[in-house]
Structure formats: C-alpha cells, structure tokens
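Sharing a structure below in structure tokens format, with a few things to ask.
Chain IDs A, B, C, D, E, F, G and H follow the sequence of writing; residue 1 opens each chain.
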Amino acid sequence: MPDGFIVTVIKSLILANLVMGVFAMLTWAERRMLGRFQVRLGPNRVGPFGLLQPIADLLKLIRKESLLPVGVNPVLYLAAPVVSLFASLAVFAVIPFGGQATIPGTDFKIFLWVSNPSVALLVVFALGSLSFYGFLVGGWSSSSKYSLLGSMRAVSQLISYEVSLALAVIGVVMMSHSLSLTAIVEAQHRDGLPYIIPQFLGFAVYVVAATAETNRIPFDLPEAEGELVAGYHTEYGGMRFAMFQNAEYVALIAFSAIASVLFLGGYGWPWLPGPIWMLLEMAIFIFVAMWLRATLPRVRYDKLMSIGWKVLLPAATLNLLVTSVIVAWRA
Amino acid sequence: MSTVERPPAAIQPLFTPARIPPGAPSKIDPPPGEDLITVNFGPVHPSTHGVLRLIVTIDGEVVVGLDADIGYVHTGFEKNFEQKTYWKGITYAPRIDYLAFFANELAFVGAVEKLIGLEVPERAQWIRTLFSELNRIHSHLVYLGTSAVEMGAMSVFFYCLRERDYVLDLFEMATGVRMHDRYPQFGGVAEDLPKGFYEECRKFCRMMPRRIDEYLDLLAGNPVWESRYRGIGTITPEAAIAMGLSGPNLRATGVPYDLRRTDPYLAYPEIDFDVVVGERGDAYDRFLCRTKEMYESVRIVEQCLDKMPSGPVMATDRKYVLPPRAELHTSMESLIHHFKLVTEGFRVPPGQVYYPVESARGEFGCYLVSDGGPKPWRAHFRAPSFVSLQVTAMMSVNRYVGDMIVVVGSLDGVMGEADR
Amino acid sequence: MPVTGTVKGFAVTFRHLFRKPVTQQYPEYKRPVYPRFRGRHRLHRHENGLEKCVGCSLCAAACPADCIRVVAAENTEEERYSAGERYARIYEINMSRCIFCGYCEIACPFDAITLGHDYELAEMSREAMVYDKDMLLEPMHPSRTTPVAPRDPFDVVEPAGDGGAA
Amino acid sequence: MTAAQLAAAVRSAVPGSVVGHEKGIDMPTLTVKPEKLVEVCTHLRDQQGKNFLSAVSAVDHLGYGENVAGYYGTERGRDLNATGSWGSPATPERPPKRFAVRYHLAHVGSGAPERVRVQVWLDDGQEVPSVVGVWPTADWHEREQYDLMGIVFAGHPNLRRLIMPKDWDGHPLRKDYPIGGEPVQFTDAV
Amino acid sequence: MHVGVEWFVSVSAILFGIGLYGVFTRRSPLILLLSVEIMLNACNLALISFSRYVGEQSGQVFALVVMAVAASEVVVGLGLVVAIARRKGDLDVDRLTGLRN
Amino acid sequence: MLGDWAALLVFAAIAFVIPFSLLFATFALATRTSRLAGDKSIPFESGVSSQTFLAGRFTVSYYMTAMLFIVFDIEIVFLYPLALELHALKWFGLAEMVTFVVLLVVAYVYVWRRGALEWR
Amino acid sequence: MAVTPVRIDRAIRSEDLEQYIMLTTVEKAVAWAQSNSIWPAGFGLACCAIEMMSLPSPRYDIARFGAEVFRSSPRQSDLMIVSGRVSHKMSAPLRQVYDQMLVPKWVMAMGACSSSGGMFANYAILQGVDKIVPVDVHVPGCPPRPEAVLDGFRLIQRKIRAGIPPAYEQEKSKA
Amino acid sequence: MTYDIVFVVASVVAIVAALMVVLSGNPFISSLALIGNLIALATFYLLLQSDFLAAAQVIVYAGAVMIMFLFVTAYLGGRADEPTRQRPIWQTLAALVAAAGIAAEIVFGVTRESFLHGPVVSDAFGAPQAIAGRFLGRYLLAFEGTSLLLLIAAVGGVVLATRRPAPRGADEPGAFEVERPQRVRSLQSSVMQAETAFEVVRTGARADEKDEA
C-alpha cells in the first residue's frame, strides 16, 4: 500500500463517496441539461435549482416496498444489482486523479489515486467483465420475459463492444509502453501530445464503444423502453432498480475518466491542479453523452451488433496495425 | 445460413391482391412445432400507441408470428350515438379519434347535414377547413413526437409537443377548449372566430414551417433514423388498397388518393395544395408523407386566412339550428324553438348516408341510418386506424422486434378510433 | 449525405440549448386562459340577489353526459329564490361526469348557468365532485381561480430571424 | 354511373343477383342476394374498379319504424336503452330480414372515388358469405360486425371476437342489447 | 509470510480432485465441461506456483497457453453441445453415442 | 508484498460495502405492507401476465457472439504483452504481431463469410 | 349498480388540506422526499393520454416537480395516472399493473372517464376506475387541461405532505 | 499476515465454489459458482505475484468463457438441467475415491517436502513485459500455435453451431432452424422498383375500360 493502510482507507472512502455524490449530481445535471436541450426547465423545485432532487429520489426509493416476485431466485435476484454497482464503482480504484500532492498546510504527501498496479488497464477490463454478470443474473433471475430478453441483449451488446474497446486502447499501450494509467499520463506529457491526436481512430472507436458499454442512447437497447419495457431491470423496483441506474452512471463517469487519462493527457496539464483537469475533461465527455442522448434515436439491435463487429472491430484492428508499424518504425 | 442479410433491407413480401396469403391477413401464425417464446406487447406497453395488444411469437430477436388484439378502449360509441339526440352526438364524435378530433366532428356533422340537406354558409365552410388543417397538424405532430420517442429521439418529442401547444392555443382561442371542441355544429360552426385569431394564426403559420425544417433536420437527415425506417413495413400500392389503407399510409405507396382532392368537401376545391405522395411505401415514406403534409397544411391554413369570406357562420334553418341567443329574450317563437330543439332534438328524414372526410389518418367515414326520429338509428364509423392496424402482422413478421415497433408507430394507429 | 445530416441534427439540439425555455412555472404563474375557455360552472344571480335559474331543466336535457340534476319547486311569497314562478330546489352537477361541452350554457335560455374559467377542480374523492347549488352559486375558492386575458399565445418571444416575432 | 346502369351491369354479369337498386342520398345502392354476394363483389372489384372496401356496416332493424318503446321515441319509453339498465323488459317480435349488412365500396385511383353501396338483408341467424377473399381488408371489418352485431360471416378464416372480451355474452350493438352503464351519481340516489 | 508454495499446490490438488469427481459423476455436458475447467485451472495454479517457486516466468507462459487452450476447448465443446441440442435434443453424456453419424 | 493490490482490495471492499448497504437498506427501511394483493408478485408482462416464466430457448446468435468474444478476448490478452514490448522488439515484434493479427483476420473473415456476424 | 345514498364527506376539500399536517420530523422528511419524487407510470388509454403526454412537454414540464421519469415498468413507478376510459376488457390489466406497483403508490384518475365513466354510461366502460383500484385524486375535465392535471398532481403532493395515507390504506382500514 | 488471511479466504472460496460447481444440478448455478472459483484463483495468482495472469484470468475466464456457458445454458433452456437419471452408486463412490486419492497423494507429496517460498523476485516478475519476452523468445512456437488454435476454434465453433440440422421427421422433437423463405435481394428490389414507379394505381379497371364492361 503506497500510502499506508490508514491513508488508503481514508482516500478510498472519500473517493467512493465522492463518486456516489457525483453520480447523484449527474442525475440532476442530466435532467437539467436535457431540459435545456428540450426548451424546458427540468427539476427546479426541490431545493435551490432543484439540487436536492437526487436526495428526494434516494429517500423515496429507499422507502419503496421490497418485493421478491414469485419464481425468482432470491440470492441471485438480490446479488445482481450489487454486482453491477460494485463492478463499476471498483474501477475508480485505479484511476489517477493526479500525481503526488501535498496536503495544504502540511508537508504530508499523498498520491491522488488509490491504487496504481502495473496492469491497471487490464484491471479496468477485468472489472468490466464482472459487470456483465450483474445484468445477466439480474435478467435471468427475474423470471420475466422482458427481463430475460433484455439481459441477453445487454450482455451480448457489452461483450461485442468490449472487444473493440480493448483493441482501441492497445494503440495507447503501444505508444506509452505501459499498462499503468499514471505511466500513460506521464508518457503523454513526455511525448508532448495527448494521444487523441495520434490515436484519433482509436479514440473514435473508444467513444463509440464506451457509449455502448454504458448503455446510452443511441445504444441503449438493453432497456429500450419502446421494446422491452425496462429491459433487464423490469422486475426491479425501488433502490434495487436505482442501483442498476447508479451502476450505469458510475460506469459513464468511469469511462469518461479513463478516456481523459488515455486520450486527453489526464491530470498532467499545467496551470490547474490535476483533479480539476480531470474533472474538466470528464465533463466534456459527459456533456457529449448527454448531447447524444438529446439528439439521436436508438439503433436497431442487429445494426448495433453489426456496428460492433463489422465496423468498430476492423477499425480498431486497423488502428492497431498502423500504430504498431509506427511504433516499430520509430523505435 | 446463407449470407443474405436477413431480413434484408427494402425487401418485403409482395402482397398484391392475388398474392395476399389465404386466410386472415391480420394474423400470422408461427411455424408449427417450434418451442418458441410468446411475448405480449401491450396492452400496457410504452410503445403500442395506447392499448394495442400484440401477441408476438419471437425466435430470438425475430418476430415469427403475430396476432393483434384490440378492443381495450372499446367505448361503445356506436351504441351511445343511438341513445343520444343528434345534437348531443356532436360531443361524442371528437372522442373517437382523439388526435384528429375535428375531422371526426366534421364527418358526423357532415353526414347529418347531408341527410337533412342543410346548407352551410360559406364562411363556416372556410372556418371548418381552417380548423381541420390545424387539426391535421396537431395529429401529425403527436404522431411524429411519439414515434420519435419510441425510437429514443426524445428531443423531437418535446419540440413537437411545444408546437402542439401552439396549435391547441388556437383551438382554445376559437373553440374554448384545447381538444374536444364540438365546434362544428349542424349548419355551421358554433361561434365566429374571435378577435385576434387571424394574427395569432398567421404568426403560427410563419413559425411552423421553420419548425418542421428542424424536425426534418433532426430525423430525416439522421442515418440512424433512416436505417430504422427505410425499408421497414413496405407495402405495395395494390396491397395497400386491398388492405384498405388510406391517408398517409396509402399515399406513402405512391397513390395520390386524398379525399380533399378526389372527393372535395368544404372549401378544398378552391384551395391550392399538393397531395404528398411517397415512392416506396415503407415506414420512412409514411414518416416523410406526414411531415411534409404539415407544410401543405400550413399552406392551406394560410390560404384560408387569406380567402376567408365574411358572412354568417350558421345556417338559418330554424328547423335544425338553434336560434341566436339574442332572440331568446325577445321572441317567444324562438324560445319555443329553442326549447324543442334542446329537449327533443330535431327529426331527420329516414335514409342512410356515408360521409367520408380525410382525417389525419385517412378516410374517416361516418355511416348513419336514420329512421326519422331524433336519434340516429345506427351510427357506424369507418376508422382508418382500425383498418390500417390490420397490416401490422404482414409488415412485422420475419422482422426484428424493433422493426415491429417501427411498423406500429409508422401506421399511426389511434386505438380510440380502432376500438370505438 | 449522412454526415451533414447528423451534424444538422446535432446543431438543432445545440441551438435549443440557448433558446429560452418555454416552460411556465405553473402554480406560481397561471397562464391566463382565453375568454372562451370553458371551465367550472357558475350559477348566476340577478342584481337583486335572486337566482336567475328557474328550474326549467333545459340544461339537464341538453347535457350529453346527463350530469345535471334539477329538481324544481314553486317559489312562495315567503321564500322567493328566483324571479320566475319556479326555482331549482336542487341543482347539482356531477363534475366528474361533466365533459365541459358548454351545452348547458347554450341551452339555458335565462343565462343562469355559464361555464367559468377555473379548471383546478381536482378532488380526493368522487363524492366531493358533486357540486350542489350553493357551491355553484359561489365563485371558486380564491386559491383556485384562474386569470383570464385575451393575450398572445406565444409567451416566448421568438428569437429574431426565426419568423415568429412579427 | 347511375344506380340503374350499375344494377344492369351487375345483373348481366351475375344473373339473379341484384334484387333492387336505389339512387341513394350519397351513392348508388345495390341490394344483393346473400348467396351471390361474393360473385357480385368480385365483379364490382374486377370489372367496375371498386378496388377499395371502405367499411362493412351491419344494421339491426329490430323495431325500425315501429315507434316501439325501447327503441326510440318518447322520452319515457326508453326502458331498455336508458342508462343503467341492464335488463330487457320486452322486445318486439323479430322481423324477417332483421339485419342489413352494407358494404361501402370505392374506386381508389386517379379520379373520384365513385362510391357504391352494396347491401344484403339477413334473417336472424342467417349467414352471409365473407368477402375476405375479395378484399382482404374485410378481415377485421367482418370480425367487428360479428363481435358487435352477431352476424356470422361464412367462410371467414378467423371469425373470433375482436373487440369485446373473449368471454363476453351477447352482441352489444343489437337493438335488444341494453345500453348498460350506471346512473349518474348525485348527492342522493336518483 | 507463512504460506509457502506447497499450500498453493495443495489447494490446486484439492481443486483437481473436485474437478475429477465432477467429470466422473455428472451427466450434463455443461457441468462436465465446467468440471474440466476446474481441473485445468487447478493445473494453472500449480504451474504458476512452481513458476513463482523457481522464480522464472515460463510457468506463467504455460498457464497463459493453457488458458487459451481451455477457452478453445470450451468453444468447441459448447459448439458440440449446441449442435447436439439442435439435432437430437437429448443432452445426456451417457447416451451420446450417436455423434458418430 | 501486495502493494497496490492491497489498496485495490481496500477500495473494492468499500465499493462492495456501498451497494451492499443500499441493498440492506431496501430491507431495513422499506415500507412494509401486510398483504401481497392479487397479482403483485407476478412478473410484469404488459398487464396480461398470467404466470411466471421459466427460461425458454434463445436464438443461437447469442452463442455466436459469446464465442467470437472468447476468441477475440484471448487475442487481446495475448496482444497486450506484445504491445508493451513492441518498441523493444521492433521489427521482429511487428512481424509477430502482424502474423498473429492476420491469423485472426482470417478467422474473422471466415466467420463473417459464414454469416455468423449476422444477427438473427 | 345502484348508487347508495351517501352523505358527502366534504371535510377534506383540497383547499383546506394544509390544516391536516400530522407528521413527525422523520415522517416529514420522508413525505417531503416522496412528494418530490413521484415517478408516474403513464397508463395512457385514450384522449386524456394525449394531454397526459403534454405534462412533460416544454410548456408544462412536470420535470420541475421531479416527476418527469415516466417509467414503463410498474415496479419502478409511484403514481399511476389512469388517463382515459377504462373498458371492461382493460380493467383486468389495469388492476394487475396496479398490483404490481410497489407501495407506497398513488393513483390519479385523470379525466371524466376514469373518474366516473364520463359521458359513456354504457356497457363497455367501467363506470369509474375507483371501482377496481383505490384512487387518490380525481381530476375532472374532458380532457383536463395539463394545468388541471398539474393541479391534481400537486394535490397528491400536498396530500403526501399532509400525512394522509394513500388511498389503498384507507380502503384497507374501511374493510 | 494480510497475505495469510487473503490466502485462507481465497482457498475457502475456491474450494466451496468448486464443490458447488460439481454438486449443483442447475448449470446456471454451477457456472456462477465457477466464477467465484475463478476469482479466488485470480487472487492466488496475485499472491504469487503474477499480476498479468490474474487480470488475464478474470478477463478470459470470468469475462468470456463463463458468459459463453451462461449463454448456452440460456439457449438450451430447461434442457440444460442435469438429466434426472442417476448413475449407479458405485460409480459415484469410485469417483469419490479416485478424486480424493489423487488429491491426497499430491497434498501429501508436496507438503512432506518443504518447498518454502521461492526466491524474492522483483515487481516485474508478473508483469506482462516479461511474459511477452518469454513468448517471443523461447516459446515463440507456443505463441504461434495459440493463434492457430484460436483460428481453429473460431472456425470450429462457427461450423458446429451453424450446421444445418439433419432433416427431421414430423414427430421428432426439438429442431431449431425455422425454415423461413430466403429471398434474393436483387430480384425483389427490382420487382419492387417496377411496381412502385408509377403515378396512378393500376389496380382494377381504368375509366376507359369500365365502359366496355
């Protein structure tokens, strides 16, 4: 533990709760933003500017009845939301929000990340793999047709885009010679340019795949309301349903953070503190996600799959080959 | 498995009358002997446009069998019409197809007027024309909004509803309510247009085309939208006619059949407008037809404003028309007339009549039988959505579940009208 | 061109980001209804305080929803309610059935009943929506009245060049 | 084409089919024998260009023109069809040829619709051949009339209730079917 | 640090035994495959333990290859299961004799 | 010994505790109702569900997707080390990588041609 | 069904609701949250459904009250807006969907038809949805204009804040 | 200390999960249990300082292989469950004895000799770079073989899963392919094109033909 046990625990607690707080704010922000996109106001009554809306939602959701529909497997049914939220939340352990920082007023130095394993990028993907089970198990154990269809759809979609996602970032790995996220940030500043420029193809693939991975429009097929009512979480109500939503939003934050780290140079820019840079960069991605949601219709399922397999995968492979030639040539 | 993309784009079984499969076209059974999943879409489902129930057999993501069940908002209109006097019947009519409410009233009022041979003053005709076009815009806006939100394009929904409110403002201004207005009365319209209506309506006409441009920018140019709609639910002109489609659903196949043109009523003969037709008869053409029809409707509204003649808005035949309010206090005769018309209603000569109008969804016909009494003996409505929803099965089977949603949406069925 | 098409769509939503929301803050700001709007019914009195209604039941006969009930009684010298011979001893409207068509208003030859402009009629029980004569003679509770004004339907001024603001 | 011309044309094509014709307020009306209905319709579709079936309307003429209490007429006589009545006090004798089924046809194409009405008269319980084979759109039209009026369309491929629930009793649009509902609620029972 | 490599190997052996038991007793081809997976994983664990013991990465490389092999085996095995299911509908390994045709 | 992994473990523990406590809250704080009225616990199916639904059969496309995913996932796992060392291995590494990718492309093209990428 | 004579209980008309607040602090907080986060399940049936659709529309924007989340699964929604005429055929699905909602839940009968059958006193229409589900708020109108529905919505909010239990509780205690 | 605790927890999880795999009758549960086992194994790999392998383990097994298992279980539906007919008891017993024997022997073997722990290794021990070095050095053949193997697996999987079922008798249960008419795009499109490319409807008689009728 680079910072010692106590500091790590404190850092983890702060980070985890911060993420949950940001999630809450994000639901509010998204509702407000969508409102503005749609020439209306959005939540503005609960607290100043409607800021307390997430709290009201939370309180209400917790007070909802807890029900096990008949025919469900209770353990699996209850475990599913926990697993999805866990998997998306745990990713934040490896995301660096800054380098080493000194706590103001003291000369106590801490790292602005919880953990920095050498295979951090793989950890991200490994945790991503775990999140599949939340959806799959949730839909499976609900004993409802919509849920089951929704969960099969969700997982197929996720695994299809996971491939492209992982291939898209290989270019970054090649250029930075590292799987550690801090090392990648440093490599970008060592090379003097964010990898969005040399890796624009990879970046494009990443953005599309990440949109699909977070189940956002235009790829929100698993819960396509028009078709499957609410998809894999049709049978979940109250807080359990909210945990799925929560997982999705947290994944959105996580994917934005990773995109900032991999392609925009993360925290390493001058003038502002690292975390601020990270937040700014993440905000761009989140805004784009909202903008997409406000504009695009959803694609059809087979189109979704063929975009994943027939467009993104070749594109990512192309990116991989080109980058490898460049890297080998420059070396 | 062959490499033909399945279901291929722009391919649909060709249903000419001869080629429509024997048996009931509205129900397609799944292949026998298969252990397939049957899922109910509806009646409580976000995208079955109300309470259509589709009993769908799916094989993976593909619909292999479909049976539609309607009647979940069956309201007994036709029985109620038989029970109420003609005058009260006007208030029932708009509730049949609640999006094209004005067209329904027109059909009923027109049928009764035809039965009794009542002449409608010119100005009333123009006012009716004006409102039936505003109503068409309203209906198409709701269609566009709902079908967009089904596809996840939320903003369009909100923009459409914003404009819909402007249309309904005009309705409220002139008729007193936003939706079910009972504005056309036998012999004319209930009241003359209010002061300030022209300006508001002109403002609306100036604004609306730009807004339609925006919808088209958002949807028509969007490749995702196009891929969802192109080639889905294709139907040939022959099949469309054989299946009784009308309105934009039929026009999207290229048949320029529009009662406003072919069988003109109201002031349409004197109005210059284009009948929008599609080419391929798929969902995309239906969408485009409706959207572009809104441009035409705005044109018609403008012409109505320009050419609106002056004069009375109500016929003067005291046998059928309530006397003017002012007369009630002065003329005893009028008061007695009033009394009689309100309590008993007027008697309509025996006979039968079928009176179609072009509602936003197609040929909306009112068939009335009178036995000479003050109440219709039988009222029957030809509801375009009722007819067009029959093709859901033909259009959806062998396609993806997502396409089925598109098909249902693009047929623009209004369940109130289908079930009556 | 698919790309320009998509970009156009994004531009439209982006543009709307800077338009003023058309939302009306309902409970605080009630959008005035048009003068012709048909809302809650009112029974009227003459200036001298007598009820205009004479209990002729024309309104009940005209009502498509059959939601008016009038039971008439003779006015006596001691108890005079209306100007005419008879008055409505019971006059009730079941608001939960009413469709606000205004036929009663048309039917009434004495202008005794009109449809006002108040629409905030929600109640927690069905029984509470049966309005008796006293309630109909009273105006709406002040917290639930509605402003009326002949005014512009376009509350939001269209941005210049958008064609709306002429 | 006037009603007479049309009737003549149909007569010559399908002998013994047309039993009457009239000009009608709105469109020519041909009265046809039920047995010949499909032939007449096929002829009208193929030779007369009536390719479009607008509507199939069945009418119950029980008590038509008799001023029978309960069917129409005085305000006091409406036992059966008064709101809230679920019972049937008395029904008039069932007349012969009680039902009429009317088909509204049109030509859809370039010009005017040139509508035609074809009607058949039916006894209670008599079947009428289905025209689904002529115009597939008749599918739901006929199912609806079967459901609400109880007319049996012989040869219909899928004649089930369409609108009312599957286990519903009776055919609501018949004249001897009560209107139902319940009286409007006021402060006391009416 | 008290846990030596032998502990890892012991756990690996136990897992291998459990997998073996599954292979012997279960009749559902899916669970059969799962048991095989357990055994392969047990081998992997042993490989990696020894690799750590020796301090040389060859064992890890082997384990990686084993993983790929296992995955391929699953692909083909499950492909077989699907194919059988499509043809015969009977999924009982004891009665899977008709695969020769 | 475990270094960063221990920190990860700590965070993971917290990341687990949060959803778990939320789940617990759904039991502890939920509104209780005494009756399980009518169809309450039947899964939702547009208002006309009659019984629970046991997992039925699904299309083989899902299997195909998963299969392809395995193949490509392993490819990725093999490619990552290679990608890391590419700058050191230079042309040899490149050649290896290209061979590896090309073999997969062959598989990919085959699969595409077989129609396994078509969703049905 | 004959209507039994009822003494109309007008004790709680909506304008004097505010005097009924009877909650502890915790309950107040929960009531505050519940009233500010009502996710409606649109039960759109007929004309009224179209006006219900304009609740989230830009002009009326029910989102301001935190209620724009129209969830289509009954498990996730708190308020069922029965908007339109309920036929007998529809009443079974209606009840089932109501049952499937998780408590606390509220029902709004929007429009004349769902409140009482409206103008359709006939064989097909259920004469008031309160015959099969306990209704919290009736909104008259045909269709009620969106402001009127918002008024009904605010009535539900005020009802929650006043501590009046949802209608199904009252029904239970009556029985 | 932490190390030991983690080890004990992981081994308990691994063994219990493995037992659940072989003892549960429901393949879905078995698969999920195996995931638990795999994650425990990944923890072992971490303890053995093989970081890369731990991550690869989760990605490949938990992420891909088990998903495939679950999908096939879903695909098979109810038929995936264990057949009810049991094997003879002696078979079970024999399996138990054999399995326990092998396990015991190894455990006995390895614990008798004291292996202790290996040499102290640097952090780079389990790093992917090292593995890449090995792979492209000594084990190049294995590397190439793996890619070939993947190719074969992909091909084989597709072949197996898409092979058309043998024609079946009418009473034979459980075929999957639904025969649907395959249409050729070009022909249909051209027919469509021809049928829709006109102004007015040609169905029925034209005005001029009607007079002859």
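The rule is short, and it goes like this: a contact is a pair of C-beta atoms (placed from the backbone, for glycine too) under 8 Å apart; a residue touches a chain by one contact, two chains touch by 3 or more.
This one's a predicted model, so the numbers in the text were calculated from it and none came from an experiment.
**Q** Sort the other chains by how far their Cα centres are from that of chain A and give me the top one.
**A** Between chain A and the rest, the longest centre separation is with D.
**Q** Please tell me whether A-B or B-C has the greater number of C-beta pairs in contact.
**A** Comparing A-B with B-C, the pair joined by more C-beta contacts is B-C.
**Q** Between chain A and chain F, what is the separation of their C-alpha centroids in Å?
**A** Roughly 14 Å, centre to centre.
**Q** Please tell me the distance, in whole Å, between the geometric centres of chain B and chain D computed from their C-alpha atoms.
**A** Going by mean C-alpha positions, chain B sits 23 Å from chain D.
**Q** Approximately how many whole Å separate the CA-defined centres of chain E and chain F?
**A** For chain E versus chain F, the centre distance works out to 21 Å.
**Q** So how far apart, in whole Å, are chain B and chain H when each is placed at the average of its C-alpha atoms?
**A** The answer is 52 Å.
**Q** Which parts of chain E, given as residue numbers and ranges, touch two or more other chains?
**A** Those would be 1, 64, 67-68, 71, 74-75, 78-79, 82, 86.
**Q** Taking each residue of chain H in turn, which ones touch at least two of the other chains?
**A** 3, 47, 51-52, 56, 59-60, 63-65, 67-68, 71-72, 74-77, 123, 128, 131, 135, 146, 150, 153-154, 157-159, 161-162, 174, 176, 199-201, 203
**Q** Quick one: which residues in chain C touch 2 or more of the other chains?
**A** Residues 9, 12-13, 16, 21-23, 25, 64-66, 94, 96-97, 99-101, 126-127, 130.
**Q** Residues of chain B touching chain C in their complex?
**A** Answer in residue numbers: 84, 87-88, 91-92, 155, 159, 162, 166, 169-170, 172-177, 180, 182, 191, 194-196, 200, 202-203, 206-207, 210, 214, 217-223, 226, 322, 328-329, 335, 338-339, 342-343.
**Q** Please name which positions on chain D make contact with chain B in the complex.
**A** Residues 24-27, 29, 51-55, 57, 59-60, 64-65, 72-73, 75, 78, 81, 83, 102, 104, 108-113, 115, 117, 132-133, 135-137, 139-141, 144, 148, 156-158, 161-165, 172-173, 177, 179-180 of chain D touch chain B in their complex.
**Q** Can you check the complex and tell me which residues of chain A touch chain C?
**A** Touch residues, chain A against chain C: 35-41, 291, 294-296.
**Q** In the complex formed with chain F, which residues of chain A make contact?
**A** Residues in contact with chain F: 1-3, 5, 8-9, 12-13, 15-16, 20, 62-71, 78, 81-82, 85-86, 89-90, 92-94, 114-118, 121-123, 140, 142-148, 152, 156, 159-160, 162-163, 166-167, 170, 173-174, 177-179, 229, 234-235, 238-240, 242-243, 246, 301-302, 305-306, 309-310, 313, 317, 320-321, 324-325, 327-328, 330-331.
**Q** Within their complex, state which residues of chain B touch chain D.
**A** Touching chain D: residues 17, 20, 22-27, 70-71, 74, 76, 78-80, 82-83, 114-115, 241-244, 246, 250, 255-257, 259, 262-263, 343-344, 350-356, 363, 365, 367, 369, 371-375, 377-378, 380, 382, 386-387, 389-390, 419-420 of chain B.
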